[in-house]
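Order of writing sets the chain letters: A, B and C. Residues in each chain are counted from 1.
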Amino acid sequence: MRYLLIEDNETLARAVVDRLVLDGHVVDHAEDLATAADYTATTDYDLILLDIMLPDGDGRTFLAQRRSAKSRTPVIVLTARSEVSDRVGLLDLGADDYMVKPIDFSELEARCRAVLRRRGGEARNVISFGDLEFDSLAGTLKIDGSETSLRTRELRLFEIFINAPNQLFSKSKLVDRLFSYDEEASENAIEVYVGRLRRRLEGSNVSITTVRGLGYKLEQR
Amino acid sequence: MRGLILSIGLIWLASLSSAFEVEDHAVFGDQDAGQVLRIISTADIAFFEPMILSYLESHPGVAVDYTVAGSSELMRALYDEGLSFDLAISSAMDLQTKLANDGQALRHSSDQTQDLPDWAVWNEMVFAFTQEPAAFVISNEAFADLPRPESRQQLITILRQNPEIFHGRVGTYDIRASGSGYLFATQDARTSDTYWRLTEVMGTLAPKLYCCTSDMIEDVASGKLAIAYNVLASYAEQSEHADAFTIILPSDFAIVMLRSMLIPKSSQDPELAAGFLDFVLGQTFPRGISPLLQSNSLEQANESALHRIRLGPGLLVYLDQFKNRSFLAEWENAILQE
Amino acid sequence: MSGPRTTGSIRQRLLVLLLLGAAVIAVLLYLVVQSVARQIAQESQDNILAASAISILDSTRVKGGELSIDLPYSALSMLGSVTDERAFYAIRLNDGFLSGYEDLPVSGDYGGAATAFRSATYLGEDIRIASTRRSFSTDEGQALLEISVAQTLAGMNRTLARITRISLLVGFGFFVLSALMALFIARSTIRPLHRLTESVSRRGPSDLRPVAAPVPSEMAPLVLSLNKLMARLQYSLTRSEDFIAEAAHRVRTPLAILRTQAEITLRRVEKPENRQAVREMIRAIDESSRTAGQLLDHAMVTFRTDSLSREDVALHALVQDTVDRLGPLSELKEVSIETARLDEAVVPGDAILLQNALHNLLDNAIKYASRNCRVTVSLARSPSQATITVSDTGPGFPDGGSVKLLDRFARGDNAGSVVGSGLGLTIVKEIVLAHGGEMELKNNEEGGACVVLSFPLA
């Protein structure tokens, strides 16, 4: 998936970009509306993440322009402003969803997925590995022609693995990626989810192997 | 009309004499009645009796003491001697007016007085209750070949054209001796100049002057007079010899004298007097039911030709000594040409 | 809100002043009409008396060296012509009595005029006397003839009584008319004020446009000040909103950066105890940011409830919308959120606040519900109210739902590590109360918390 992040804060932008790249997305970063306009003129994005307060204008102006240009690219607004007064206005202006800073990345991922899924159909993100095909938007796993649906955290976990096959993930890294920080999550929970995923992967030539003491990785046998 | 024998000029002189002169006196009703209504009047007992009797019928507990006096005697009794009477009845309108004007009468106002015609009341003190027109009385025999005089002007013409018939046979009041005559003459003179011309014409015909209406009527009836001028029509109508003469109310204007009543301030029982007064007025107005003598000719007369003498201060003018003197002088000048 | 202190009513003051004025003028009118009419009546009587006296004088001539007085009939008859008056006269020559009423009071002071008038009492009645005089040459030399004519005042008094009655009526009538006009004036004077009041109070809470309708010039300063005040209010409102937004931005942005940095750090840290420390830091940041957010939300709620707008809000759409929006979050938390019953209900209120309340409530429910539990939202409509029930299958409120939970910063015992400021329910409660509704916290019989919000229908 190709994302455009419009955000003037360098640190925040880098963190968001890093996180999204980890999830296997291609992310362009524009620091202001002018740059964003240049990007959107030349590239089709699957999703735009838009900050409201930008050095050369208000994100809402950008929203309004996109809307009048009949652009169909979904937009999630990242705002530091009060959600009470801005919500109605943002959604009215054509934002598909919004998040209030500071952003919980798990929630951001969930919202991005929800928005993309709602826009549905045309945007597909199918990854093949070994003898399986994985559609991260639909959350389906096809092994040898038979399809199974993955539930939330299994889906997230599998996404993490399939975006970086053969890469070793420590349990603590996985906890960071899988749970928000306000959730009480132990590494045992990771073992539970990995166990479930393994059951799903039975019959395929792809498996999650345990590297004792270090973590897990997705491998083709 | 004995009540009018005294001249107006005597009014002031009268104060010199000791007591007023009573002509007649009668008491009607229960002598021992608790209430006595004392009337002083210039009208004969016979004239007023029907009214009193009619009153007593409905008021049994009252006695009426009726005193007849001449109009100036009445004036003297009330004005100068301050005698007490409950009601004063007189045909001398000027004197009645003077009594009232000079504060000798009590005001009276009742439902009965509200409905009176304007001419019949003055200042709620003087109330008229009969109308006495002054008429020509002509001898039928003397006028057999002559046209009937309907107005003063016609009378003047007839007198002028027939001096041989009328010489010494024209009669009228001696206004120096008769209050009524004076009243008629002054009102005549006030109303029209014709009066003076008529008086002058009469003056040329050696007129006979009378103190009283009744004498004039008698003389016309007997043929001594061919015509009498300013005769009280009601009396003439009453005459036994009424067929011998004709009564004519002049069509130019007929002077109407009003007989009137007032309650003297000396009244000892003003309420009783007021009751009687209302009774008389009730019998008189509306016209026609009064038991009193009324002139028939008045009924037939043209209302616009009736010249009712107006009660009021105007009448005082002729009581003024200067006016009186100059009027009499002028009259004498006209009537006494020999 | 208590009413402003008042110092009487303008209308009443105006009315009282106008009525007082009218009363004074009415009394003056009465007095003036009375005195003028009296004077005229007196003058007309004097004129008649004078005419009478002069006519007598005019009838006097010297005949053969002697005075001859031919009293005209009209001289006295004119006196009784209108009303029955008693009339008196006296003719005096060189102060000697000639004719008439000898004891009639003598004339008043001529004072240079041809006629002298005086009032006196004669024969027990009030009279008015007019006298006039002229000198004649007679045989006995110059003689001064004086004519006095007098009349009682019965008619005059009747006329005066009538005049008094009429002038009283005129005065009273004037007063009544003035009173009516005063009422009308007071009313129409106040009307523009009423209209202004109406046009201002009819406005919606956020309508701060200047008053544009024309007003009488006297009210222009008031309207000008009002408009200035509203402009200032508008400005400060805008500023308040801006301020809250700005504050949110200022607080959240550094927190966001901080959190991001912490997260990046966490990826690099391997040691479990260090990782734990960073995690706690992130959690603390989350909590601060949430508290800041809710504080700002609370400020916004307070600000908006002060002048609550009352537009029709479709609660069912709002509930559905909020549930939809929380979908990703609940999915993330493995909490299922569903709408059980959704009646159509429209209540008057502020959509943003209601949405905030609902969002807070559901956010709370998702947050405190344990994994795999279910949050059920329903909207039921009765003839008089709309009831939103949010219940979950979680552990329920401690103490079965206590009022304390609603106090600012109070948190349930089971909050544990869950990030939440405790302001959430307070905000909800304030919003519900502002809408004239009620809020109830309880635990379901089969376990789990239940919050019931009820709003009166329009």
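Convention: a contact is a pair of C-beta atoms (placed from the backbone, for glycine too) under 8 Å apart; a residue touches a chain by one contact, two chains touch by 3 or more.
Please read these numbers as outputs of a predicted model, since none were measured by experiment.
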item: Joint neighbours of chain C and chain A, given as chain labels; value: none
item: Highest C-beta pair count, chain pair; value: A-C
item: Chain whose Cα centroid lies nearest the overall Cα centroid; value: C
item: Maximum centroid distance from chain A, chain identifier (CA atoms); value: B
item: Between chain A and chain C, centroid-to-centroid distance (C-alpha), Å; value: 62
item: Between chain A and chain B, centroid-to-centroid distance (C-alpha), Å; value: 143
item: Centre distance in Å when chain B and chain C are each reduced to the mean of their C-alpha atoms; value: 83
item: Footprint of chain B on chain C - complex, ascending; value: 68-77, 79-80, 84-89, 91, 98-101, 123-125, 154
item: Contact set on chain B toward chain C in their complex; value: 100-103, 121-124, 190, 310, 312-314, 316-318, 320-323, 326
item: Chain C - residues contacting chain A, complex; value: 241, 244-245, 248-249, 251-253, 255-261, 263-264, 266-267, 270, 272, 275, 279, 282-283, 285-286, 289, 293, 296-297, 300-301, 304, 325, 327-329, 331-334, 351-353, 355-356, 359, 367, 416-419
item: Chain A residues touching chain C - in the complex, by the definition given at the top; value: 9, 11-12, 14-16, 18, 53, 80-88, 97, 100-107, 110-111, 113-114, 152-153, 170, 172-173, 176, 180-184
